[in-house]
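Letters A, B, C and D name the chains as they come in the text, with residue numbers starting at 1 for each one.
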Amino acid sequence: MPVRMDSAETRFRVRYAETDQMGVVYYSNYMIWMEVGRVEWCKRFARNYRDMESEDGILLAVAECHCRYLAPARFDDEIVVKTWLERADPRLLTFAYEIRLAGVDQRLATGFTRHIILDKAFRRARLPAKYFAMFGVEKAAQ
Amino acid sequence: MPVRMDSAETRFRVRYAETDQMGVVYYSNYMIWMEVGRVEWCKRFARNYRDMESEDGILLAVAECHCRYLAPARFDDEIVVKTWLERADPRLLTFAYEIRLAGVDQRLATGFTRHIILDKAFRRARLPAKYFAMFGVEKAAQ
Amino acid sequence: MPVRMDSAETRFRVRYAETDQMGVVYYSNYMIWMEVGRVEWCKRFARNYRDMESEDGILLAVAECHCRYLAPARFDDEIVVKTWLERADPRLLTFAYEIRLAGVDQRLATGFTRHIILDKAFRRARLPAKYFAMFGVEKAAQ
Amino acid sequence: MPVRMDSAETRFRVRYAETDQMGVVYYSNYMIWMEVGRVEWCKRFARNYRDMESEDGILLAVAECHCRYLAPARFDDEIVVKTWLERADPRLLTFAYEIRLAGVDQRLATGFTRHIILDKAFRRARLPAKYFAMFGVEKAAQ
(Lines give C-alpha, C1' and ligand atoms only; values in the text may rest on other atoms or scores of the structure.)
Protein backbone atom coordinates (compact mmCIF):
# COMPACT_ATOMS: atom_id res chain seq x y z
CA MET A 1 0.00 0.00 0.00
CA PRO A 2 1.78 3.11 -1.23
CA VAL A 3 1.65 6.08 1.05
CA ARG A 4 3.27 9.48 1.18
CA MET A 5 6.76 8.72 2.37
CA ASP A 6 7.55 12.33 3.10
CA SER A 7 8.25 13.06 6.70
CA ALA A 8 7.79 16.32 8.57
CA GLU A 9 10.05 17.49 11.36
CA THR A 10 8.92 19.74 14.19
CA ARG A 11 11.14 21.22 16.88
CA PHE A 12 10.36 22.62 20.30
CA ARG A 13 11.80 22.73 23.81
CA VAL A 14 10.64 20.64 26.75
CA ARG A 15 8.44 22.68 29.08
CA TYR A 16 8.94 22.60 32.84
CA ALA A 17 5.28 21.58 33.11
CA GLU A 18 6.08 18.42 31.15
CA THR A 19 8.55 17.09 33.70
CA ASP A 20 7.60 15.01 36.72
CA GLN A 21 9.24 14.33 40.06
CA MET A 22 11.56 11.77 38.45
CA GLY A 23 13.19 14.81 36.82
CA VAL A 24 12.29 13.70 33.30
CA VAL A 25 9.36 14.17 30.93
CA TYR A 26 6.19 12.38 32.07
CA TYR A 27 5.25 9.66 29.61
CA SER A 28 1.86 10.92 28.44
CA ASN A 29 3.45 14.07 27.03
CA TYR A 30 4.93 12.05 24.18
CA MET A 31 1.40 11.54 22.88
CA ILE A 32 0.94 15.32 22.83
CA TRP A 33 4.24 15.63 20.98
CA MET A 34 3.02 13.05 18.45
CA GLU A 35 -0.04 15.26 17.91
CA VAL A 36 2.22 18.28 17.34
CA GLY A 37 4.10 16.16 14.79
CA ARG A 38 1.07 15.00 12.84
CA VAL A 39 -0.53 18.45 12.80
CA GLU A 40 2.70 19.63 11.19
CA TRP A 41 2.66 16.70 8.74
CA CYS A 42 -0.93 17.46 7.67
CA LYS A 43 -0.18 21.15 7.28
CA ARG A 44 2.82 20.44 5.14
CA PHE A 45 1.73 17.51 2.99
CA ALA A 46 -2.04 17.32 3.10
CA ARG A 47 -4.26 20.00 4.56
CA ASN A 48 -4.36 22.13 7.67
CA TYR A 49 -6.01 19.86 10.23
CA ARG A 50 -7.98 22.82 11.58
CA ASP A 51 -9.64 23.20 8.17
CA MET A 52 -10.23 19.46 7.81
CA GLU A 53 -12.31 19.65 10.97
CA SER A 54 -14.05 22.97 10.48
CA GLU A 55 -14.60 22.97 6.71
CA ASP A 56 -14.95 19.31 5.81
CA GLY A 57 -16.40 18.08 9.08
CA ILE A 58 -13.83 15.29 9.28
CA LEU A 59 -12.39 14.14 12.58
CA LEU A 60 -9.32 11.93 12.84
CA ALA A 61 -10.10 10.12 16.08
CA VAL A 62 -7.29 8.17 17.72
CA ALA A 63 -8.16 4.46 17.76
CA GLU A 64 -4.80 3.12 18.90
CA CYS A 65 -1.55 4.45 20.21
CA HIS A 66 1.81 2.90 20.91
CA CYS A 67 5.05 4.31 22.23
CA ARG A 68 8.42 2.80 23.08
CA TYR A 69 10.54 4.95 25.40
CA LEU A 70 14.27 4.67 24.76
CA ALA A 71 15.87 7.48 26.71
CA PRO A 72 14.50 10.21 28.98
CA ALA A 73 13.90 13.78 27.87
CA ARG A 74 14.64 16.60 30.28
CA PHE A 75 13.54 20.17 30.87
CA ASP A 76 14.70 22.59 28.17
CA ASP A 77 15.95 19.81 25.87
CA GLU A 78 15.31 20.59 22.23
CA ILE A 79 13.09 17.87 20.83
CA VAL A 80 12.67 16.85 17.19
CA VAL A 81 9.53 14.95 16.21
CA LYS A 82 9.78 13.23 12.83
CA THR A 83 6.37 12.19 11.53
CA TRP A 84 5.36 10.17 8.50
CA LEU A 85 2.29 8.38 7.22
CA GLU A 86 2.82 4.67 7.49
CA ARG A 87 -0.45 3.41 6.12
CA ALA A 88 -3.46 5.04 4.55
CA ASP A 89 -6.77 3.69 3.42
CA PRO A 90 -10.08 5.51 3.24
CA ARG A 91 -11.09 4.39 6.72
CA LEU A 92 -7.84 4.21 8.65
CA LEU A 93 -4.66 6.29 8.76
CA THR A 94 -1.50 5.24 10.60
CA PHE A 95 1.08 7.85 11.51
CA ALA A 96 4.53 6.86 12.75
CA TYR A 97 6.89 8.95 14.83
CA GLU A 98 10.50 9.15 15.82
CA ILE A 99 11.30 11.50 18.68
CA ARG A 100 14.93 12.57 18.96
CA LEU A 101 17.11 14.91 20.91
CA ALA A 102 18.20 17.73 18.60
CA GLY A 103 21.87 18.09 17.81
CA VAL A 104 23.06 14.74 19.03
CA ASP A 105 22.14 11.51 17.33
CA GLN A 106 19.92 10.10 20.06
CA ARG A 107 16.48 8.61 19.71
CA LEU A 108 14.22 9.18 22.71
CA ALA A 109 11.12 7.35 21.56
CA THR A 110 9.33 5.74 18.64
CA GLY A 111 5.65 5.15 18.22
CA PHE A 112 2.56 5.17 16.09
CA THR A 113 -1.05 6.30 16.21
CA ARG A 114 -3.95 4.84 14.23
CA HIS A 115 -6.87 7.06 13.36
CA ILE A 116 -10.36 6.31 12.20
CA ILE A 117 -12.31 8.90 10.26
CA LEU A 118 -15.45 10.22 11.92
CA ASP A 119 -18.03 12.76 10.82
CA LYS A 120 -19.22 15.55 13.12
CA ALA A 121 -21.84 13.20 14.60
CA PHE A 122 -19.08 10.73 15.56
CA ARG A 123 -20.18 8.16 12.97
CA ARG A 124 -17.54 6.14 11.11
CA ALA A 125 -16.87 7.78 7.76
CA ARG A 126 -14.56 7.52 4.78
CA LEU A 127 -11.88 10.00 3.96
CA PRO A 128 -13.34 12.35 1.29
CA ALA A 129 -11.97 11.50 -2.16
CA LYS A 130 -10.27 14.86 -2.48
CA TYR A 131 -7.86 13.80 0.25
CA PHE A 132 -6.83 10.54 -1.44
CA ALA A 133 -3.89 11.99 -3.32
CA MET A 134 -2.68 14.02 -0.35
CA PHE A 135 -2.65 11.03 1.94
CA GLY A 136 -1.46 8.64 -0.78
CA VAL A 137 -4.54 6.43 -0.57
CA GLU A 138 -4.32 3.83 -3.29
CA LYS A 139 -6.94 3.30 -5.97
CA ALA A 140 -7.23 -0.36 -5.01
CA ALA A 141 -7.99 0.53 -1.46
CA GLN A 142 -10.93 2.68 -2.45
CA MET B 1 -24.76 41.12 47.78
CA PRO B 2 -26.21 37.92 49.21
CA VAL B 3 -24.94 34.73 47.69
CA ARG B 4 -25.17 31.08 48.49
CA MET B 5 -22.74 30.70 51.36
CA ASP B 6 -22.74 26.94 51.18
CA SER B 7 -19.41 25.45 50.35
CA ALA B 8 -18.68 22.16 48.66
CA GLU B 9 -15.70 19.96 49.47
CA THR B 10 -14.05 17.62 46.99
CA ARG B 11 -11.28 15.19 47.75
CA PHE B 12 -8.77 13.43 45.50
CA ARG B 13 -5.15 12.36 45.49
CA VAL B 14 -2.30 14.12 43.72
CA ARG B 15 -1.41 12.33 40.49
CA TYR B 16 2.19 11.62 39.55
CA ALA B 17 1.52 13.48 36.29
CA GLU B 18 0.81 16.62 38.31
CA THR B 19 4.27 16.80 39.85
CA ASP B 20 7.23 18.50 38.22
CA GLN B 21 10.99 18.15 38.60
CA MET B 22 10.92 20.26 41.77
CA GLY B 23 9.20 17.25 43.32
CA VAL B 24 5.98 19.14 44.00
CA VAL B 25 2.76 19.85 42.12
CA TYR B 26 3.21 22.16 39.13
CA TYR B 27 1.36 25.42 39.66
CA SER B 28 -1.12 25.29 36.78
CA ASN B 29 -2.69 22.14 38.20
CA TYR B 30 -4.29 24.19 40.97
CA MET B 31 -6.50 25.80 38.32
CA ILE B 32 -7.64 22.33 37.27
CA TRP B 33 -8.35 21.52 40.92
CA MET B 34 -10.39 24.73 41.20
CA GLU B 35 -12.43 23.50 38.23
CA VAL B 36 -12.99 20.16 39.97
CA GLY B 37 -14.16 22.13 42.99
CA ARG B 38 -16.63 24.36 41.16
CA VAL B 39 -18.06 21.49 39.13
CA GLU B 40 -18.81 19.84 42.44
CA TRP B 41 -20.28 23.06 43.85
CA CYS B 42 -22.61 23.45 40.84
CA LYS B 43 -23.67 19.79 41.03
CA ARG B 44 -24.48 20.09 44.69
CA PHE B 45 -26.05 23.51 45.01
CA ALA B 46 -27.13 24.66 41.55
CA ARG B 47 -27.21 22.41 38.53
CA ASN B 48 -24.93 19.87 36.89
CA TYR B 49 -22.55 22.01 34.83
CA ARG B 50 -22.72 19.45 32.03
CA ASP B 51 -26.46 20.12 31.71
CA MET B 52 -26.04 23.89 31.96
CA GLU B 53 -23.86 23.68 28.87
CA SER B 54 -25.73 21.05 26.88
CA GLU B 55 -29.34 21.86 27.78
CA ASP B 56 -29.34 25.59 28.43
CA GLY B 57 -26.51 26.54 26.11
CA ILE B 58 -24.79 28.50 28.87
CA LEU B 59 -21.01 28.65 29.15
CA LEU B 60 -19.22 29.92 32.25
CA ALA B 61 -16.05 31.28 30.64
CA VAL B 62 -13.14 32.13 32.93
CA ALA B 63 -12.44 35.86 32.78
CA GLU B 64 -9.97 36.09 35.64
CA CYS B 65 -8.06 33.77 37.89
CA HIS B 66 -5.93 34.26 40.97
CA CYS B 67 -4.05 31.86 43.18
CA ARG B 68 -1.80 32.30 46.20
CA TYR B 69 0.44 29.29 46.88
CA LEU B 70 1.13 28.74 50.57
CA ALA B 71 2.71 25.30 50.81
CA PRO B 72 3.65 22.67 48.23
CA ALA B 73 1.51 19.62 47.47
CA ARG B 74 3.24 16.33 46.77
CA PHE B 75 2.51 13.09 44.92
CA ASP B 76 -0.21 10.97 46.55
CA ASP B 77 -1.17 13.70 49.04
CA GLU B 78 -4.88 13.77 49.65
CA ILE B 79 -6.20 17.16 48.64
CA VAL B 80 -9.38 18.88 49.79
CA VAL B 81 -10.81 21.66 47.64
CA LYS B 82 -13.37 23.82 49.41
CA THR B 83 -15.39 25.92 46.99
CA TRP B 84 -17.97 28.62 47.55
CA LEU B 85 -19.67 31.33 45.54
CA GLU B 86 -18.30 34.69 46.57
CA ARG B 87 -20.31 36.95 44.33
CA ALA B 88 -23.11 36.43 41.88
CA ASP B 89 -24.88 38.76 39.53
CA PRO B 90 -26.58 37.91 36.25
CA ARG B 91 -23.44 38.61 34.23
CA LEU B 92 -20.60 37.61 36.50
CA LEU B 93 -19.98 34.82 38.99
CA THR B 94 -17.02 34.69 41.36
CA PHE B 95 -16.02 31.39 42.93
CA ALA B 96 -13.51 31.24 45.78
CA TYR B 97 -11.39 28.27 46.79
CA GLU B 98 -9.37 27.00 49.67
CA ILE B 99 -7.11 24.06 48.92
CA ARG B 100 -5.97 22.07 51.93
CA LEU B 101 -4.07 18.94 52.79
CA ALA B 102 -6.53 16.38 54.15
CA GLY B 103 -6.18 15.25 57.73
CA VAL B 104 -3.80 17.90 58.94
CA ASP B 105 -4.83 21.51 59.30
CA GLN B 106 -2.69 22.93 56.52
CA ARG B 107 -3.76 25.30 53.78
CA LEU B 108 -1.90 24.80 50.51
CA ALA B 109 -3.47 27.54 48.42
CA THR B 110 -6.30 30.04 48.17
CA GLY B 111 -7.72 31.62 45.07
CA PHE B 112 -10.67 32.75 43.04
CA THR B 113 -12.02 32.58 39.50
CA ARG B 114 -14.40 35.05 37.88
CA HIS B 115 -16.69 33.83 35.13
CA ILE B 116 -18.71 35.65 32.52
CA ILE B 117 -21.76 34.03 31.00
CA LEU B 118 -21.61 33.27 27.28
CA ASP B 119 -24.09 31.73 24.92
CA LYS B 120 -23.10 28.97 22.48
CA ALA B 121 -21.99 31.61 19.96
CA PHE B 122 -19.59 33.08 22.54
CA ARG B 123 -21.65 36.25 22.96
CA ARG B 124 -21.98 37.83 26.42
CA ALA B 125 -25.22 36.68 27.99
CA ARG B 126 -27.16 36.87 31.24
CA LEU B 127 -27.65 33.96 33.55
CA PRO B 128 -31.16 32.58 32.81
CA ALA B 129 -33.63 33.65 35.49
CA LYS B 130 -34.26 30.07 36.56
CA TYR B 131 -30.70 30.01 37.93
CA PHE B 132 -31.10 33.14 40.08
CA ALA B 133 -32.22 31.34 43.19
CA MET B 134 -29.65 28.57 42.84
CA PHE B 135 -26.79 31.01 42.55
CA GLY B 136 -28.25 33.45 45.05
CA VAL B 137 -28.49 36.32 42.57
CA GLU B 138 -30.20 39.24 44.24
CA LYS B 139 -33.35 40.90 42.99
CA ALA B 140 -31.61 44.27 42.96
CA ALA B 141 -28.87 42.95 40.77
CA GLN B 142 -31.31 41.85 38.12
CA MET C 1 4.88 -16.96 34.73
CA PRO C 2 2.66 -16.65 37.76
CA VAL C 3 1.78 -13.15 38.76
CA ARG C 4 -0.62 -11.53 41.16
CA MET C 5 -3.93 -11.86 39.38
CA ASP C 6 -5.68 -9.47 41.73
CA SER C 7 -6.99 -6.39 40.07
CA ALA C 8 -7.57 -2.99 41.60
CA GLU C 9 -10.39 -0.68 40.59
CA THR C 10 -10.22 3.09 40.82
CA ARG C 11 -13.04 5.51 40.13
CA PHE C 12 -13.06 9.20 39.32
CA ARG C 13 -14.92 11.69 37.15
CA VAL C 14 -13.66 13.14 33.87
CA ARG C 15 -12.35 16.66 34.40
CA TYR C 16 -13.28 19.48 32.03
CA ALA C 17 -9.55 20.04 31.50
CA GLU C 18 -9.30 16.54 30.07
CA THR C 19 -11.67 17.21 27.17
CA ASP C 20 -10.61 18.68 23.85
CA GLN C 21 -12.45 20.54 21.11
CA MET C 22 -13.86 17.27 19.75
CA GLY C 23 -15.96 17.26 22.92
CA VAL C 24 -14.36 14.09 24.26
CA VAL C 25 -11.38 13.19 26.41
CA TYR C 26 -8.03 13.88 24.72
CA TYR C 27 -6.13 10.64 24.13
CA SER C 28 -3.04 11.26 26.25
CA ASN C 29 -5.16 11.50 29.39
CA TYR C 30 -5.74 7.75 29.30
CA MET C 31 -2.05 7.31 30.11
CA ILE C 32 -2.54 9.48 33.19
CA TRP C 33 -5.55 7.37 34.14
CA MET C 34 -3.41 4.22 33.74
CA GLU C 35 -0.96 5.78 36.20
CA VAL C 36 -3.80 6.43 38.66
CA GLY C 37 -4.76 2.79 38.25
CA ARG C 38 -1.33 1.34 38.86
CA VAL C 39 -0.63 3.62 41.83
CA GLU C 40 -3.82 2.19 43.33
CA TRP C 41 -2.76 -1.37 42.45
CA CYS C 42 0.62 -0.90 44.14
CA LYS C 43 -0.96 0.66 47.22
CA ARG C 44 -3.40 -2.19 47.54
CA PHE C 45 -1.35 -5.26 46.64
CA ALA C 46 2.32 -4.34 46.92
CA ARG C 47 3.58 -1.14 48.45
CA ASN C 48 2.78 2.54 48.29
CA TYR C 49 4.60 3.69 45.17
CA ARG C 50 5.58 6.91 46.97
CA ASP C 51 7.52 4.83 49.50
CA MET C 52 9.06 2.61 46.83
CA GLU C 53 10.60 5.74 45.37
CA SER C 54 11.51 7.60 48.52
CA GLU C 55 12.52 4.76 50.82
CA ASP C 56 13.87 2.09 48.50
CA GLY C 57 15.14 4.39 45.75
CA ILE C 58 13.34 2.35 43.11
CA LEU C 59 11.83 3.98 40.03
CA LEU C 60 9.39 2.20 37.75
CA ALA C 61 10.19 3.95 34.49
CA VAL C 62 7.77 3.48 31.59
CA ALA C 63 9.51 1.67 28.73
CA GLU C 64 6.49 1.00 26.56
CA CYS C 65 2.86 1.98 26.43
CA HIS C 66 -0.07 0.84 24.35
CA CYS C 67 -3.70 1.88 24.27
CA ARG C 68 -6.68 0.87 22.15
CA TYR C 69 -9.52 3.38 22.23
CA LEU C 70 -12.95 1.78 21.91
CA ALA C 71 -15.44 4.51 22.78
CA PRO C 72 -15.08 8.16 23.76
CA ALA C 73 -15.24 9.41 27.34
CA ARG C 74 -16.97 12.70 28.06
CA PHE C 75 -16.86 15.43 30.69
CA ASP C 76 -18.22 14.35 34.08
CA ASP C 77 -18.46 10.67 33.07
CA GLU C 78 -17.58 8.38 35.92
CA ILE C 79 -14.59 6.30 34.89
CA VAL C 80 -13.47 2.96 36.29
CA VAL C 81 -9.86 1.88 35.75
CA LYS C 82 -9.26 -1.80 36.37
CA THR C 83 -5.57 -2.58 36.74
CA TRP C 84 -3.72 -5.86 37.07
CA LEU C 85 -0.16 -7.09 36.80
CA GLU C 86 0.22 -9.08 33.61
CA ARG C 87 3.85 -10.07 33.86
CA ALA C 88 6.53 -9.66 36.45
CA ASP C 89 10.18 -10.49 36.48
CA PRO C 90 12.94 -8.80 38.46
CA ARG C 91 13.74 -6.40 35.62
CA LEU C 92 10.42 -5.78 33.92
CA LEU C 93 6.85 -5.33 35.10
CA THR C 94 3.85 -5.22 32.78
CA PHE C 95 0.60 -3.70 33.98
CA ALA C 96 -2.63 -4.11 32.01
CA TYR C 97 -5.68 -1.87 32.15
CA GLU C 98 -9.31 -1.87 31.26
CA ILE C 99 -11.02 1.49 31.32
CA ARG C 100 -14.80 1.42 31.56
CA LEU C 101 -17.73 3.73 31.97
CA ALA C 102 -19.19 3.19 35.45
CA GLY C 103 -22.69 1.84 35.75
CA VAL C 104 -23.18 0.67 32.19
CA ASP C 105 -21.26 -2.24 30.76
CA GLN C 106 -19.14 -0.30 28.29
CA ARG C 107 -15.42 -0.56 27.76
CA LEU C 108 -13.76 2.70 26.72
CA ALA C 109 -10.19 1.54 26.32
CA THR C 110 -7.72 -1.24 27.01
CA GLY C 111 -3.98 -0.99 27.26
CA PHE C 112 -0.75 -1.91 28.93
CA THR C 113 2.42 -0.29 30.20
CA ARG C 114 5.82 -1.96 30.61
CA HIS C 115 8.19 -0.70 33.24
CA ILE C 116 11.87 -1.17 33.79
CA ILE C 117 13.35 -0.79 37.25
CA LEU C 118 15.83 2.04 37.71
CA ASP C 119 17.80 3.19 40.70
CA LYS C 120 17.98 6.88 41.70
CA ALA C 121 20.89 7.38 39.29
CA PHE C 122 18.73 6.11 36.41
CA ARG C 123 20.73 2.89 36.05
CA ARG C 124 18.94 -0.35 35.23
CA ALA C 125 18.31 -2.26 38.42
CA ARG C 126 16.54 -5.35 39.70
CA LEU C 127 13.45 -5.28 41.83
CA PRO C 128 14.60 -5.74 45.46
CA ALA C 129 13.94 -9.28 46.64
CA LYS C 130 11.52 -8.11 49.31
CA TYR C 131 9.12 -7.12 46.51
CA PHE C 132 9.17 -10.54 44.81
CA ALA C 133 6.22 -11.96 46.70
CA MET C 134 4.16 -8.77 46.42
CA PHE C 135 4.61 -8.63 42.67
CA GLY C 136 4.39 -12.39 42.23
CA VAL C 137 7.88 -12.71 40.75
CA GLU C 138 8.66 -16.38 40.30
CA LYS C 139 11.64 -18.14 41.82
CA ALA C 140 12.70 -19.33 38.37
CA ALA C 141 12.78 -15.81 37.04
CA GLN C 142 15.18 -14.69 39.73
CA MET D 1 12.75 49.96 42.09
CA PRO D 2 14.74 49.66 38.89
CA VAL D 3 14.43 46.36 37.10
CA ARG D 4 15.43 45.01 33.75
CA MET D 5 12.84 46.51 31.45
CA ASP D 6 13.78 44.28 28.56
CA SER D 7 11.05 41.97 27.44
CA ALA D 8 11.39 38.61 25.73
CA GLU D 9 8.96 37.31 23.14
CA THR D 10 8.27 33.64 22.54
CA ARG D 11 6.11 32.20 19.80
CA PHE D 12 4.40 28.83 19.43
CA ARG D 13 1.19 27.32 18.12
CA VAL D 14 -1.76 26.19 20.22
CA ARG D 15 -1.75 22.40 20.61
CA TYR D 16 -4.93 20.38 20.15
CA ALA D 17 -4.34 19.00 23.64
CA GLU D 18 -4.68 22.52 25.04
CA THR D 19 -8.25 22.99 23.82
CA ASP D 20 -11.32 21.91 25.77
CA GLN D 21 -14.88 21.09 24.79
CA MET D 22 -15.74 24.80 24.59
CA GLY D 23 -13.53 24.77 21.50
CA VAL D 24 -10.99 27.16 23.00
CA VAL D 25 -7.83 26.87 25.09
CA TYR D 26 -8.47 25.66 28.65
CA TYR D 27 -7.57 28.35 31.16
CA SER D 28 -4.79 26.60 33.08
CA ASN D 29 -2.66 26.37 29.93
CA TYR D 30 -1.98 30.09 30.10
CA MET D 31 0.06 29.44 33.24
CA ILE D 32 2.16 26.96 31.26
CA TRP D 33 2.59 29.57 28.53
CA MET D 34 3.72 32.09 31.18
CA GLU D 35 6.35 29.54 32.23
CA VAL D 36 7.50 29.21 28.61
CA GLY D 37 7.76 32.99 28.51
CA ARG D 38 9.80 33.40 31.70
CA VAL D 39 12.15 30.53 30.81
CA GLU D 40 12.85 32.44 27.60
CA TRP D 41 13.30 35.69 29.52
CA CYS D 42 15.81 34.09 31.90
CA LYS D 43 17.72 32.49 29.03
CA ARG D 44 17.95 35.75 27.20
CA PHE D 45 18.58 38.30 29.94
CA ALA D 46 19.77 36.44 33.02
CA ARG D 47 20.76 32.80 33.04
CA ASN D 48 19.42 29.54 31.71
CA TYR D 49 16.87 28.52 34.33
CA ARG D 50 18.00 24.90 34.00
CA ASP D 51 21.46 25.94 35.18
CA MET D 52 20.09 28.13 37.96
CA GLU D 53 18.45 25.02 39.37
CA SER D 54 21.14 22.46 38.71
CA GLU D 55 24.29 24.51 39.26
CA ASP D 56 23.29 27.10 41.84
CA GLY D 57 20.63 25.08 43.61
CA ILE D 58 18.15 27.94 43.32
CA LEU D 59 14.45 27.31 42.80
CA LEU D 60 12.02 30.04 41.73
CA ALA D 61 8.86 28.74 43.36
CA VAL D 62 5.57 30.31 42.31
CA ALA D 63 3.99 32.09 45.29
CA GLU D 64 1.20 33.87 43.45
CA CYS D 65 -0.33 33.90 40.03
CA HIS D 66 -2.88 36.10 38.33
CA CYS D 67 -4.39 36.04 34.86
CA ARG D 68 -7.04 38.13 33.13
CA TYR D 69 -8.53 36.46 30.07
CA LEU D 70 -9.52 38.90 27.33
CA ALA D 71 -10.23 36.79 24.25
CA PRO D 72 -10.15 33.06 23.59
CA ALA D 73 -7.26 31.29 21.88
CA ARG D 74 -8.00 28.47 19.46
CA PHE D 75 -6.28 25.39 18.10
CA ASP D 76 -3.36 26.17 15.79
CA ASP D 77 -3.39 29.90 16.59
CA GLU D 78 0.08 31.35 16.74
CA ILE D 79 0.62 32.76 20.21
CA VAL D 80 3.12 35.41 21.30
CA VAL D 81 4.06 35.60 24.96
CA LYS D 82 5.77 38.85 25.94
CA THR D 83 7.50 38.57 29.31
CA TRP D 84 9.23 41.15 31.44
CA LEU D 85 10.46 41.48 35.01
CA GLU D 86 8.18 43.82 36.89
CA ARG D 87 9.82 43.79 40.29
CA ALA D 88 12.97 42.27 41.68
CA ASP D 89 14.37 42.11 45.14
CA PRO D 90 16.64 39.46 46.65
CA ARG D 91 13.69 37.49 48.00
CA LEU D 92 10.90 38.04 45.48
CA LEU D 93 10.71 38.30 41.71
CA THR D 94 7.60 39.38 39.83
CA PHE D 95 7.26 38.55 36.15
CA ALA D 96 4.53 40.11 34.01
CA TYR D 97 3.10 38.73 30.79
CA GLU D 98 1.11 39.81 27.81
CA ILE D 99 -0.24 37.04 25.63
CA ARG D 100 -1.24 38.04 22.11
CA LEU D 101 -2.39 36.50 18.88
CA ALA D 102 0.44 36.77 16.36
CA GLY D 103 -0.06 38.89 13.29
CA VAL D 104 -3.15 40.77 14.37
CA ASP D 105 -3.09 43.31 17.16
CA GLN D 106 -5.15 41.34 19.68
CA ARG D 107 -4.38 40.74 23.32
CA LEU D 108 -5.62 37.41 24.64
CA ALA D 109 -4.53 37.66 28.25
CA THR D 110 -2.40 39.55 30.74
CA GLY D 111 -1.03 38.32 34.00
CA PHE D 112 1.77 38.07 36.49
CA THR D 113 3.55 35.50 38.63
CA ARG D 114 5.43 36.16 41.87
CA HIS D 115 8.29 33.89 42.81
CA ILE D 116 10.09 33.31 46.05
CA ILE D 117 13.61 31.95 46.06
CA LEU D 118 14.11 28.54 47.64
CA ASP D 119 17.18 26.41 48.13
CA LYS D 120 17.19 22.70 47.27
CA ALA D 121 15.80 21.90 50.72
CA PHE D 122 12.81 24.18 50.06
CA ARG D 123 13.96 26.78 52.58
CA ARG D 124 13.45 30.47 51.83
CA ALA D 125 16.66 31.89 50.39
CA ARG D 126 18.04 35.04 48.85
CA LEU D 127 18.96 35.38 45.22
CA PRO D 128 22.75 34.89 45.00
CA ALA D 129 24.55 38.22 44.59
CA LYS D 130 25.88 37.25 41.18
CA TYR D 131 22.31 37.41 39.86
CA PHE D 132 21.64 40.95 41.14
CA ALA D 133 22.77 42.71 38.01
CA MET D 134 21.04 40.26 35.68
CA PHE D 135 17.73 40.68 37.44
CA GLY D 136 18.24 44.38 38.09
CA VAL D 137 18.09 44.05 41.86
CA GLU D 138 18.81 47.43 43.40
CA LYS D 139 21.61 48.09 45.84
CA ALA D 140 19.11 49.54 48.33
CA ALA D 141 17.06 46.39 48.27
CA GLN D 142 19.99 44.28 49.25
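Criterion: a contact is a pair of C-beta atoms (placed from the backbone, for glycine too) under 8 Å apart; a residue touches a chain by one contact, two chains touch by 3 or more.
None of these values were measured; they are calculated from a predicted model.
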Contacts common to subunit A and subunit B (chain labels): C, D
Most distant chain from subunit C by Cα centroid: D
Distance between chain centroids, defined by C-alpha means - subunit B, subunit D (Å): 24
Centre-of-Cα separation between subunit D and subunit A, whole angstrom: 30
Rounded Å distance between subunit C and subunit D, as computed from the means of their C-alpha atoms: 34
Subunit A: positions in contact with at least two other chains: 16-17, 21-22, 28, 32, 35, 75
Contact graph of the chains (line, ring, star, complete, other): complete
Residue numbers on subunit B that touch subunit C, as the complex places them: 12-13, 15-17, 32, 35-36, 39, 48-50, 75-76
Of subunit A, residues touching subunit B in the complex: 16-17, 19-24, 26, 28, 75
Of subunit B, residues touching subunit D in the complex: 21-22, 27-29, 31-32, 35, 53, 59, 61-69, 72, 113, 122
